[in-house]
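After this come two complexes, each holding chain A, first together with chain B and then together with chain C.
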Partner chain A sequence: MSNKLLKKENLGKLIDALTSEGSIFVAPKMDAQQVVYAPVINAEEIVFDYIVPVNSFKKFLFPQTEPIAEFNINKEGVVLKGIEIEPKEIIIFGSRPCDAICCSSLRSVFNWDFKDEFYNRREDKAIVITVACTKADDSCFCTTVNLTPDSPNGSDILLRETTDGDYAVETITDKGKKFVERFANIFSLNSQVPSHKPIADVKPIAGIDVKKVKEYLKDTQHYENPLWAELARKCIGCGACTFACPTCHCFDIVDEGSAYQGKRIKNWDACQFEFFTLHTSGHNPRDTQYKRWRNRFMCKFNFYPNKFSSRGCVGCGRCIRVCPVRLDITEVMEKVSNQP
Partner chain B sequence: MNNIYLPYLATIEDICEEAPDVKTFRLVFKDPKVRDTFDFKAGQFGLYSAFGAGESTFCIASSPTQKGYIQCTFRKGGRVTGALSDLGIGDTMGFRGPYGNWFPIDEWKGKNIVLIAGGIGLPPVRSVIWNCIDRRKDFGDITIVYGAKTVADLVYKNELAEWSKMSDIKLVQAVDPGGETPEWKGKVGFVPTVLEQAAPSPNNSVAVTCGPPIMIKFVLQALNKLGFSDEQVYTTLENKMKCGVGKCGRCNVGDIYICKEGPVYTAAEVKRMYNDF
Partner chain C sequence: MENTLRQKAKELLEKGEVKVVIGYGWNKQKTHTTPVFITKPGDAGKLVFNPLCVNNLSLYLTKKFSDIKALGKPAIVAKGCDIKTIAVLISESQIKREDIVIIGMTCNGVVYKQELWKGELKPEIMPTKCHNCDVRNPLADFVIGEKIDFKAPDEPTGMVFDKIKGLDKSSNTERWDFWFEHFSRCTKCYACRQICPLCYCERCIAEKNMPQWIETSAHQRGNIAWNLKRAMDLAGRCTFCGECERACPANIPLNLVNQKLALVVKDAFGHKAGYDEKVHPPMIVFNMEDEEDFIK
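Coming up: the complex of A and B.
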């Protein structure tokens, strides 16, 4: 534990110092009566009383839409230019532990063989400053997936709120350490051990055993269980869960522009959409909604942990909060845990 | 910055109209360095761009032994294949690849090869066929069983004629009942039935098959009947792809990413997969 303190009153100074250097400072702020991660330019914009922002911060590392090439078509042929990115430093302030860990998940997908520099360059320039949770709601289930409201994994700096309303600073990575050293005038020395606000008490959901869920999914026979159609029956395929999820990484590549010039663009996509896997021939391997829902569940508890050795589900609860039909992933986890 | 999504540019040097809506392009890379160093193995695929429309995935239909160019064969169906189909000789398109695994042809030295294809499933098999012909003495008997719906739907008609004249290749051509013309000299029947009649021996053999899913299903049954084990049979799985490099998340069959671990599998491997086809 470091003996550094970040006083709330100094946040403005930190934002000024960073934005004057051209860095982007992202923090929870109000937008359309919801708390979202968004760039701020002064401390007054920051919301301190929140559970988790409605969006995850993945869009700052993996933008919802991103050009990857530009082309011009002329008489001589095609002039093609790859897009070069030089991202600015970006500080994600007020991340939650469940969100912070998404960086390692996304990094694993974007680097398991071919390396996606669009993601890597952005993540290299990101500094994740997490604030441990002192509150949770009914949808939070981090402890069920073996995380805690104050897990350090994925954060560069972990802050704990003190009873005085300031933050006790713990540096987790070298990046975090260098950041604190760089702003030594802002991160003050603390002479006495501060008293922390109690960390949120998130109880693991009884009846869910993530290990059992993973084991169950490994058996290809279980893929045929009529259970899937039953559990996912109410899913309407809107894809909101995938857009809100910090680890969902699927994307589409499309060309946009005129007949003579345009851009090739990477856009977020969702495995919940019917056209996602539709072949030109008309054949669709996932032709009904439950198959698409089953794929997402498999991705979280089988592909991510087994294939990419990282975390698919972080227990942030966003997919539960945004679902228009209240399809609760934890209910499915529970049903699957209790399969013979 | 290394951009894994950036295609090579290629010029369309030749176009062959194979069948209604089916064309073969011969592509030559614009960059001489790429042209000289580009290499691939039979069974690998690529993403082909029509700039302004997007990218589409097909196998490389030529053989790696044919240097200086690659070929692709596709049927006009959607937005991208429609735009590709509108391109002419001399036009520029994009290519990313080669991606994926390949048919382990080097492991097949000394074996008899049975190649079974239906309709537009011939292009990936054609890469293997020419690869085997160009290294003819490495292999035992070569049997090709190819069928399409109608005589018009047969692709690579010139090459079929060429293969039928080769004394060291057994070619069986077929069209579905009703698809024959008065001049048709080949078989009339579905590929699995024609295959059973041709009855290639499973001894010291491997079989490669590609075609519509329903054909593959019955070809596998026919091969089993003839005594082929699932380990002796290879096929190539196609799925919708966008990135081709294991990131966009749509070609997976259960936990298997076709673009990275495929597209070539033995029938035994296919049977072990999640039922996600």
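Coming up: the complex of A and C.
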């Protein structure tokens, strides 16, 4: 534990110092009557009373729409030019522990067989400053997936709110340490040990056993269990859950422009869309919606944790809050945990 | 009311008149209602009806829900506003009247979003559609609930219509800026399309890529093309269930654009969607006697 303090009144100075160097400062702010992660240019824009922003901050590391190459077709043939990005430093202030950990999930998938320089360069330039949760709602379930409202994993700096309304600073990574040293005039030394606001009390959901969920999913005999159709019948097949999810990472490649010139673009895609798995032959292996929903669940609790050491589900609860038909992933986890 | 509903559902299932009752149930925490599909008479007790029943369940009658169709003949728990959508689905040959049983619920209004519920239905948490509702006593195979004495205002009133009036007064540039800003938040999650019972195309134009009519990118061009295209497709068809706006994770005021178009269609053709399952929406009919000659 460091003895540094970030006074709320100094946030403005920090934003000024960073934005004057050309860095981007992202923080929770109000947009269209909801709290979202968005770039801010002064401290007045920041919202401090929030649970988790409705979007995750993945879009700043893995943009929803990103050109990756340009093409020209002329008499000589096709001229392809790759796009090199040089991202600016980006500070994600007010992240939550469940969001911070998503970087390791995204990094594993973007570096598994192919090194995705678009993601890596962006994440290399990102500094994640997390504020531990003092509030939670009934969709939060981080403790059920073995995280805590103040877990440090994934954050460069972890802040805890003090009863005076300031932040006690804990540096987690070298990147975080260097950041605090760089702004030594802003992160003040604290003479006394500050008293922290109590961390949110998020009780693990009693009926859920994540290990059991994983074991159940591993057994391919359970794949055709009528349970899936019953649990996910109401899914309407939109991409709200996957786009709000901090770890969902699927994308689609499209070409835009005229027949002679244009761009190759990488866009977010969602396994919940009907055409996500449609083959050119016309065959669709996931031909009904519950199969698509089952896939997303399998990805979070089976495919992903089996392939990588990082997490598929971080318990942020966004997919529950955003779902237009209130398909609650924890209800499914509980049902699966209780299967014989 | 709930008991009568459960009794009716149980009876329909027991007699084998329907194989599934599409209705509302509680989520586990009893904070939100969620669609339920009751196939066993013994499960009829799971059905609920209250001001949190916001979803327009007629969505589940459309063809894309093939696994629900496979269950057999459905009964659907529907508010008056949901029945309007069913009427459009029938008029557009998506379902046959005799293939479904409609359990109509009398309704005093619902909440705009379930999160607003604090135990009491106050006018300020109700959506504009409820303040203008002329179907609180629905027409259905069975009507459940006490008769409601409510007269809809003659002229549409409420937040959506006030905002439309405001936009009508603004300049073209201001209106363009307004929509440009709102559509810029679109993430192309297609929740608006997926929740809409009238967006039943087997292959949406947004998914056609030879040629690519609508760019899939969530940039300004792609977002404006998508949102305007969807608005035009709903002109004269939208029954103002408000589900697209409720489902939108980016809070885009989709009711404004859809209700503006509904007003335009009403002025031009005297048509209001969802009141007669035998009348086709004006934008999808070709009529040899059409007064306009540009179309002939």
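Note that the second predicted complex is superposed on the first by the 340 of 340 C-alpha atoms of A that agree within 3 Å, B and C clash if a C-alpha of one lies under 4 Å from a C-alpha of the other, contacts with A are read in each partner's own complex, and residues count from 1 in each chain.
Keep this in mind: contacts are C-beta pairs under 8 Å (C-beta built on N, C-alpha and C of every residue); 3 or more make two chains touch, one makes a residue touch a chain.
It should be emphasised that the depicted structure is a prediction, and the values quoted were computed from it without experimental measurement.
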Which of chain B and chain C A:N146 touches, first, second, both or neither: neither
First (chain B), second (chain C), both or neither touched by A:A240: second
Contacts of A:Y223 with chain B and chain C, given as first, second, both or neither: first
First, second, both or neither for A:T163, with chain B first and chain C second: neither
Chain A residues touched by each partner, larger count belonging to chain B or chain C: B
Which of chain B and chain C A:N185 touches, first, second, both or neither: neither
Which of chain B and chain C A:I253 touches, first, second, both or neither: first
First, second, both or neither for A:S309, with chain B first and chain C second: neither
Intersection of chain A interface sets (partners chain B, chain C): 252, 254
For the chain B and chain A complex, residues of the former touching the latter: 1-7, 9, 11, 30, 49, 51-56, 75, 77-78, 81, 91-94, 213, 238-240, 242-243, 245-250, 252-255, 257, 260, 272-277
Chain A to chain C touching residues, read off their complex: 31-34, 54-55, 64-65, 138, 229-230, 233-234, 236-240, 242-244, 252, 254, 256, 265, 267-268, 270, 273-275, 287-290, 322, 324-328, 330-331, 334
Chain A-touching residues of chain C, taken from the complex the two chains share: 27-29, 31-37, 55, 59-60, 64-68, 114, 182, 185, 187-191, 193-195, 207, 209, 212, 215-219, 222, 243, 246-247, 249-252
Chain A residues within the chain B interface of the complex: 68-69, 71, 73, 77-78, 80, 82-85, 109-110, 112-118, 121, 220, 223-224, 249-255, 257-259, 262, 264, 266, 269, 271, 276-281, 283, 285-286, 291, 295, 298-299, 302-303, 306-307
